[in-house]
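Look at the two complexes coming up: chain A is in both, with chain B in one and chain C in the other.
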Partner chain A sequence: MRRPRTGVGRLLGKAVLAFAGFMAVFPLLWTALNSLKNNVDIITRVPRVVFTPTLANISYILGRDSVLTGLYNSVVACGVAVLVGVVLGLPAAYAVARYPNRWAGDIQFFVLSLRFLPPVAVAIPLMVIWLQVGLYDTLAALIVTYSLLTISVIMWLAIPAFQAVPKEVEEAAFVDGYGAYSVFWRIALPVAARSLAGAVAFSFVLVWNEFLIALMLSSSNAKTLPIVASELSQQGMNVPWGILNASVVLLSLPPLLFLGVLSGFLNSVFRQKKT
Partner chain B sequence: MPRRSSLPVTFVVPTLVILLILSMVPTLYAIVIALQNRELSSADYSYVWFSNFYDLFSDRRFLNAVWVSVKWEIVTVAATMTVAIGLGVLMFEVASPRLRNIYCLLFIIPVLLPRVSAAFVWKFAYHPLYGIATYPYRLLTGGMIFDPLSKPATALFAVASVDVWQWGLFFAVIVLKLLETLPRQPIEAARLDHARSWQIHAYVTLPMLKAPLVSLMFVKMIESLRSFDLIYVMTRGGPGVATETLDMYAFSQGFIESGKVSYASAMAVLMMVATVITFTMLWKRVQA
Partner chain C sequence: MSAIVCSHVDKSYGATSVIRDLNLSIEEHEFVVFLGPSGCGKSTLLRMLAGLEDISGGEISIGGTVVNDLDPGDRGVAMVFQNYALYPHMTIFDNIAFGLKRQNVPKAEIRQRVGAVSTTLGLDPYLDRKPAELSGGQQQRVAIARAMIKTPKVFLFDEPLSNLDAKLRNHMRVEIARLHQSLNTTTVYVTHDQLEAMTLADRIVLLRDGRIEQIGSPAEIYERPGNLFVAGFIGTPNMNFIDVTIGRDGDAWTLTNAGTVFTISGERFRLQQGERAVLGIRPPDLVAASPGASGNLLEGTADLIEFHGNDALVTFCLGGKEISALVPSRACPAIRADVRYGFDESSLHLFDAQSGMSLRRQ
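And now, the complex of A and B:
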C-alpha cells in the first residue's frame, strides 16, 4: 500500500487539526479562567495568564436570588418536560418502529416538521394564549411548551433506536408467552436503553439551551437560567466581566455533563449503520 | 410480532393527539393574531385582515430582514458544511484512532453549549480592547483596534463564525463517522491506482456519501433558522440593521420597540409558511 507516512501535506493536515482542536475548547477555557479573575485582570490589552485567582465572581453568582431562581426554574422546567417527553415519546416511538402501518412515514415526517416551525411563530401566539388563561410567566406554561420539543425530539431519535433492537429477541419473547406490552417493558426498553439515554440526554440539552421561547413566556417569576445570564450583561456600561464569565460557566456546565453519554450515543448510531 | 394488539393505538394516539394540539393551537392562533391589530399596550383589538401583510411588503426594514436571513442561511450552511467535510476528511486521513477519539470529544463540546453561552464566550473574545480573539490583531498592528461586531460589513460574519464554531466542528465528527462506515475496497483500489488522497475523497468517498451529506445539510438548514439567541446576545440586530434577521425583527417589533404583536405575528406567519413549504419540498426530494 502506497501511503506516505510523512510529508508536508500530512504535517500541514495535522497542524490544521490541532489548531481546530485548540479552537474548539480554548475560548471556553479562557472564559472559565476569566471567571476566576478580578476585573482588573480581565480589562487588559494584553491577555493575562498569570493572576491572583479569586472566587468572588462565583460566590457572587451563587449568592444571587435571581440566579438561584433561574437555576431552579431551568431544572424544574427542563426536568418535567423531559419526563413528559419520555413518558409520551418513547412508547409512541416504539409503536412506530415495531408496528409500521401506512401512516408510519407520515407520523415521522410530522414529528420532524415540528422542528421547521420558527420559534417566534410559536412563542408569539403562546404568549397571548398564556396571558389570556392567566398562566403567563409560570413554570406550567413553560413546561407545556417545552413538552412539544421534548416529545418530538425523543420520538424522532428513539424510532431508529428501537428499530435497531434485533427483531429475533422480541419474537423469542412472544413465543415465550410475553404480551405486547411486556415485550416493550422487559425487552425493547432495556435492550435499547443506551441509545435511548442518548436521545433523552439530547432532548434535555435542547430545552436547557432554549432561549427565545423562555424569553417571551417569562417576565419575572419563570425566568430560566439562560435569560438570567443574558440579563447580567445589561447592567449599564460598567460590565462586570468576571461575574458574566462565571454565569456563562454555570450555564454551560449541565449540558457538558452529558458529553460522555452523547458521544457514546453518536458512536452507537454509527456502529449500527456499519453492520 | 402479534397481529392483533392494542399497543400501537394506546401508544401512538395519545402522543399524537397531544403533539397535534400543542403544535396546531399556536400555529393557527398565530394566523388569527396576524389578521388582527393587537398591541401589547391595549386590550382591545379588531380584525384588520390582510393589512399587516400589505404593510410588511412596503416595510423596508422587513425586506432587509428577509435579505439578512437569506444571507445568514447561505453563509452558515455553506461554511458549516465546508468546515465539517474538511476537518472530517483530515481526521480520517492523518489522525490515528486514538487521536480521532480525542478530536471527536473536543469537537462535540461547542455544540453542547447553550447558544447564549457560546454567544457570550465569543462576544468577550471579539471585544476590540480586551478580547482574546482580537488580541493577535492588536499585537500585529501595534495596538490598532478591530471591532468585528460593530462594523456592518463584518458583524454578520462574526456572529456566523460562532454558529460554524458550534455546528461545523460537530458535523466534522459525523462526517468522520460516515467515512468510517464506508467499505475499504474502493478506497484501497483507488490508492492502488495512485490516486492522491484528495482525489480519493473528491471522486470516491464523498460521492458515496452524497445522501447522508445532503441530509446533514438539511438538518443544518433547519438549525440555522434558530439564529435568534446568538444575534440577540451578540449584536441585537445591529450595527443598524446589519444583522437583523426575521426572528430578531419580529421580536423587536412585538416586544422591544412598539409592542405590535399582530404585526410581529404576521411576520412569523410568513416565515412559517415559507419554511414549512421549502423544507417539506426539500425533505421529499431528499427522501426520493
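And now, the complex of A and C:
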C-alpha cells in the first residue's frame, strides 16, 4: 500500500537526512577550517567562525622533510600495491568466479581470513619475516605487504561482481567466436566495471589509512603519512592543533581525489551509455 | 546431407545422467523443435550443439564435421538465449557487429551488413541505444539479428519467447516463422510451449528424462502418439484416459471399463483378448449424443464447466475418473445436467497398459 506522503512526514525525513549529513560533514569542515587558523583562534572557549586565515600551518607541514617523505612513501606504496592488486586480483577473482574448482571455496575463505585476523596477528610475523629477509624498513617490504592486502580485498569484492555478470552474456561472446581471454577483457571487465572500480577504490582507501602494519614495518625510512602525522601530535603538552589539522587535511586529500577521479570516470562511462 | 547428426550422445553431471544414448539426425533447412517437460534435458542438448557444454559420450557432427572438440565459435552456429544475453555495455550496433569484428570483416562491410539485418528486423531506429533502453521484444529482435548476421549453418534458439507477454510472443513467433521461410537456415528450437512447437516445427523431437520419446511432424505427433506419455503431453486440453480390458464379441472387439462397454472393429490396432489397455480420446473428439443414440457412449453428470470462448470444457465423472469434453459453447449443458458423449472409432487411441506403447498397427 502506498500512503500519500504527509507534509510532516516528509519534513521529518528531510530533517533526519540533513542532521545525518551535518554529523558526517561537519567534523571534516571544522578540521579544514582549523587548518587555516592560528593556534590562538583554535584554543578559544567560544569556537570562532570568523578569523584571519593563515597558510602557516600548511606551509609548515609541506616544508617538513618527514612529511614529504611520508607522502612519497604513502603514494608509492599504496599506488603500487593497488596496481598489483588490480593486475593480479581481478584475473584471480574472475577465475574463481567463472571456473570454480574444488579449491575455489578454500581460496575465498583464505582471502577472507586475511581480513578478519587482527592486524597485529599479521603484522608481527610479517615484521619478523622482513627483518630476516633484510628488507625491514624498506618501501619494497611495504609494497609487498600492502599488495597482499589489496589483492585479498579486491578479490573478495570482485568475485561477487564477476558472478553478477550474466553467464549467458559471456556464452554469447563464446558463440560469437571469442576465447576466454577476450571474453574477460571485452565482456566481463567492462560489464562489471562499476563494482570493480568500487573494489579498487576501497582497497586504496584501506591501505592509505593503514596504520598498524606500517608502524611495525618501518622505523625511519619507510614511514608512511599516517605514521608521520601521528608523530606530530606527540610533541608534549603544547599540541600544535593547527599543524595537526593541516596534516589531517593532507592525509584526506588523496583518497578524496582518488574517489573523485574514479567517480568522475564512472560518471563519464555512464553518460556515454545514456546518449 | 544431414545438417546435424547426434549419435549415441550422452551427458552426465557427475553421477547424474541427463542425456542418455541419444540418436538424432536433422536435415538441412529443417526447423526442428525440442519439446518436453521441464528438466528433461532440452537446454542441455542444445548447449551441447552450441559447444557450451562438453559432450560426455558419443559424437555430434554439424555440416559433416565432428564438432565434439570444436569451440563454440568454430562450429558455424548462432544462438539466441532465453534472456536475450545482449552485451549490456555496447550499443545495439556493436552488439550485432561483435561477431563480425571477431572475423576481421572490413568496417564498411560490417556497416552494410548490420544495416541490412537491422532493416529486416526493424531495428534501424535503435542502433545507437544500449540494450537496457529497449523493450523485451526489441531486445529479442536484437538477439536474433546478432545470430542472423553471422549467416550460420545452424540457428539455435533456447526458449527465445518465454520472457515475452502473450501478445508479443504470438507476434514474434510469426516473425521467426517468416524469417525461417526467407533464410531457410537449419534451426533447432527449444520450447516447452506446445503451440510454438506445433506452429513452427517441421519436426518435433519430444524428450523425457534425456531420452527421445517420439520424433515426427506436428500432425504425426498429435494424431498418432507413439505412447502414453506423448499422448498425455501433447494437446490441450489433455487427452482422456480410461483403463479398459479387451474382449472379443463375435467379429468385433470390446473394451470394458467397470459398467461401460465400448464395441469397436479394432482394425487399426493389434489387440489380444484379455489384455489390459488404456483407451485415449481427445476432448474435442467427444461429441454430444442425441437422446436416443446407442453405441459407444460416455455418460455422467457434468460437474465442472470451463468457458473457453467458442468452446466450453465439460468435465464429468466416469467410473471414478474425470473425463473432459470440448463442446461448442452454445451447446453447453447446464452444471449438474446429465451428459452423454459419443465418439468415432477413428479418433480412438489405444495403448498397452503395461508398456504404455501404442497398440496401433504401423
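One rule holds in what follows: the second predicted complex is superposed on the first by the 238 of 275 C-alpha atoms of A that agree within 3 Å, B and C clash if a C-alpha of one lies under 4 Å from a C-alpha of the other, contacts with A are read in each partner's own complex, and residues count from 1 in each chain.
Assume a contact is a pair of C-beta atoms (placed from the backbone, for glycine too) under 8 Å apart; a residue touches a chain by one contact, two chains touch by 3 or more.
It should be emphasised that the depicted structure is a prediction, and the values quoted were computed from it without experimental measurement.
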item: Touched partner set for A:Ser263, first chain B, second chain C, both or neither; value: first
item: Chain B versus chain C as contact partner of A:Glu168, first or second or both or neither; value: second
item: Partner chain in contact with A:Pro190 - chain B first, chain C second, else both or neither; value: second
item: Touching partner for A:Arg45 - first (chain B), second (chain C), both, neither; value: first
item: Touched partner set for A:Asp176, first chain B, second chain C, both or neither; value: second
item: Touching partner for A:Val8 - first (chain B), second (chain C), both, neither; value: neither
item: Partner chain(s) touched by A:Leu112 [first = chain B, second = chain C, both, neither]; value: first
item: Comparing the two partners chain B and chain C, which touches a greater set of residues in chain A; value: B
item: Which of chain B and chain C A:Val133 touches, first, second, both or neither; value: neither
item: Shared chain A surface residues [contacts with chain B and with chain C]; value: 171, 174, 179, 273-274
item: Residues of chain A that touch chain C when the two form their complex; value: 166, 168-169, 171-179, 182, 187, 190-191, 193, 273-274
item: Residues of chain A touching chain B in the complex; value: 1-3, 9-10, 13-14, 16-17, 20-21, 23-25, 27-28, 30-31, 34, 42-47, 88-89, 91-92, 94-96, 98-99, 101, 107, 109-122, 124-129, 144-145, 147-148, 151-152, 155, 170-171, 174, 179-181, 184, 205, 208-209, 211-212, 215-216, 226, 229-230, 233, 241, 244-245, 248, 251-252, 255-256, 258-259, 262-263, 266-267, 270, 273-274
item: Chain B residues touching chain A - in the complex, by the definition given at the top; value: 1-2, 5-8, 10-12, 14-16, 18-19, 22-23, 25-27, 29-30, 32-33, 38, 87, 90-91, 93-95, 102-110, 112-117, 120-122, 124-125, 129-130, 132-133, 135, 138, 143, 165, 169, 172-174, 177-178, 180-181, 188, 191-192, 194, 197, 222, 225-226, 228-229, 232-233, 246-247, 250-251, 254-255, 261, 264-265, 267-269, 271-272, 275-276, 279-280, 283
item: Chain A partner contacts - residues on chain C that touch it in the complex; value: 50-52, 71-74, 77-79, 81-83, 85-89, 98-99, 102-103, 130, 146, 150
